[in-house]
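Next up, some structures in structure tokens.
Paired with chain B in one complex and with chain C in the other, chain A is shared by the two complexes that follow.
Here is the complex of A and B:
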């Protein structure tokens, strides 16, 4: 960071750099509110702001493709799934005094350690790299695709295996719960009634996501 | 023309389209539905065949008191209509209407991803409305909205990916540049899946279980009145414009026409969009509402396999012709 700043003038930042910093601050603030607010649904909505802010940061770093995928997957699907789960279980309006965890110091330690490790790795890896905003976009779909499927194929494939394992695990868990419910209730509704078939589709859906 | 003026002009045009097209579709829906049901529809407002009916409706909505229920989460309740409406305005920016750079609000490199991502955000508005209303019908509506989005987003993405594979690009103008007439039969399954999934995402009949007015009283929008309710309705019709425009661009060749039409590309785009919008209205009048389990079943057991098959077909044909 300091090396890069030395060549590009640390004291006269460009508009993009200022915007990057400001959006970063907003994102950071939203993230803090997400974990500290006592209102469960508000936490999920602040998460939207956080993830959206990250997407804007990607955009400012010219990684357009990553930014839109971030919005598509995290804001459009993960947060919707979160809200769906909250609404299905318990989503009171107003504060939930019990929405707290005894592990908060452990969580804070893990979060700070993870953040420190990430910052250190990124600073170490990209110490003096500078993105030329006027040149060809370094994060366009084409560039991202080429580097993903040429240099990073192995991690990509490993990730897909991991996701497959999660998928299979979700199906196994949901089927086990269904079998237990069936033996507990004695009579087994064959799943032809709407009430019997909706839980199945729901768990399948969560598995696929 | 200098840059600032150019950008302002484009934004202005997109904004005008955003304000007028949904109203035109709404008025068409009034009239088409009426004639299909042996009625006349609005006949008085504005004089000629009731053309000003929706403007009168708008004035009526604007006059109404803006009520927020006591038990509601005030800020989120008030914010929800904006979250539901704005994404469609952003999506309109990226839809090319004619050939060349001049006929699109903003050329976006990863256009398909931008469009689908931002459309997905719009559903958050319904979820927020459903939760913040502090009303059990609204909450049910919000739940059904979420379930529907999760079910139908996947086939929509997969079929859009199929077109991207065929064109070798994810930019919307790029896809249109690569379009050939035989893509129509090649991608027809994908087109139908995309259109149906889009209808479900907009919660249009027959996929209007989340707003089913006869059982859960318009779902997430039960507690809304006045201008905010009008904004939700506007979002629905803007959604129709966006969905029909996108289907046109992705599957029907956008500005390409059967007779070499130089300079008339935008007419083709508008014509195809209008025909699709008519289809949306026609489907509303024709089919009864699907039950919640039928909705989920249709997506997971029919649309997802069909879209996967379409991707496989696209891949095979692409490899063969290369």
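Here is the complex of A and C:
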């Protein structure tokens, strides 16, 4: 592998590198649009492009299981949850002039400084490091599943407890506001679960699965 | 593949998310930017796992396992975060984090005997963003 790595050069990128670069440019551009657009729903839809591009990058890095998990969970449910949230907070459909706060230039300064520092350090540190993508896939479902259920069983089970706690927490957060509204209107606080918060909770449950 | 490609892309995506967290006003857009930052970390983990599984012949696949855990925790985080945002929206009628200034209001009237109210921010995610903006 080291012999193969020695023959690489900056000016002779492989096809995988070119594909990674192009998809990376699309991903980065979509991320920029996501954080700068003034239309809230468009931001969520550009986030789909970003997350899908990242899934393609995972596929190019031969991590296929992570790629499909990314598509399922992020593109499938997290973005849907965000769209639900935008809808339930009555986000305006058109341009909203106050999508960005006043200290945008301070944020831009911080982000550009952090990007410059990180890119400089990373490029300087890994200038002569190559990923060997030949041979069997490093992230195939078999390899990932074997390592996950041989070496990572205890964190995996702990994660299910965390997901249960998050599920219960989301339900409690949704119910608490309703109970307060019920006491404000004079009825009993232990009323039945309202119809308004039910689809959110249900989709949250899907998101945490 | 050169390792710098995924590493640089990950750094750029992270800084894009950082800008979004600092500059956005709507709480749901802040959550989207947090998702961008988490995804940047995931890309880094996967790239270094693929690199190390060949170079160091590491068979734990810790990067991919941690990526799966991060994805699950991010899903839980977005659920809880949206529940908080919806509760705030239901109580206050707004999801703009600039308008959630309870701590600032509290240190306005009785700010004389309570000088350290800047540190007494509540654990809401909007206040985290405000704190980040204050430190920026």
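The definition used in the following text is that the second predicted complex is superposed on the first by the 133 of 209 C-alpha atoms of A that agree within 3 Å, B and C clash if a C-alpha of one lies under 4 Å from a C-alpha of the other, contacts with A are read in each partner's own complex, and residues count from 1 in each chain.
We take it that a residue touches a chain if its C-beta (ideal position, glycine included) is under 8 Å from a C-beta of that chain, and two chains touch if they have at least 3 such contacts.
For clarity, every value in this text was computed on a predicted model and none was experimentally measured.
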First, second, both or neither for A:56, with chain B first and chain C second: neither
First, second, both or neither for A:87, with chain B first and chain C second: first
Touched partner set for A:48, first chain B, second chain C, both or neither: first
Touching partner for A:169 - first (chain B), second (chain C), both, neither: second
First, second, both or neither for A:159, with chain B first and chain C second: second
Which superposed partner A:65 touches (first chain B, second chain C, both, neither): both
First, second, both or neither for A:76, with chain B first and chain C second: first
Winner by number of chain A residues touched, once chain B and chain C are compared: C
Shared contact residues on chain A - chain B and chain C: 65, 69, 77, 81, 84, 88, 91, 197, 204, 208-209
Residues of chain A defined as touching chain C within the complex: 1, 8, 10, 13-14, 16-17, 20-21, 24, 27-28, 31-32, 34-35, 40, 43-44, 47, 50-51, 54, 57-58, 60-63, 65-66, 69-70, 73-74, 77-78, 81-82, 84-86, 88-91, 96, 98-104, 106-112, 114-115, 118-119, 122-123, 126-127, 129-133, 135, 138-139, 143-144, 147-148, 151-152, 155-156, 159, 162-163, 166-167, 169-170, 173-174, 176-177, 180-181, 197, 200, 204, 207-209
Touching residues on chain C, where the partner in the complex is chain A: 1-9, 11-20, 22-26, 28-29, 31-33, 35-36, 39, 42-43, 46-47, 49-51, 53-55, 59-62, 64-65, 67-69, 71-80, 82-87, 89-91, 95-98, 133, 136
Chain B contact footprint on chain A (complex, rising order): 41-42, 45, 48, 64-65, 68-69, 71-72, 75-77, 79-81, 83-84, 87-88, 91, 93-94, 137, 140-141, 194, 197-198, 201-202, 204-205, 208-209
Residue numbers on chain B that touch chain A, as the complex places them: 71-73, 76, 108-110, 113-114, 116-118, 120-121, 123-124, 127-128, 130-132, 134, 139, 142-143, 146-147, 149-151, 153-154, 157, 169-171, 291-293, 296-297, 300
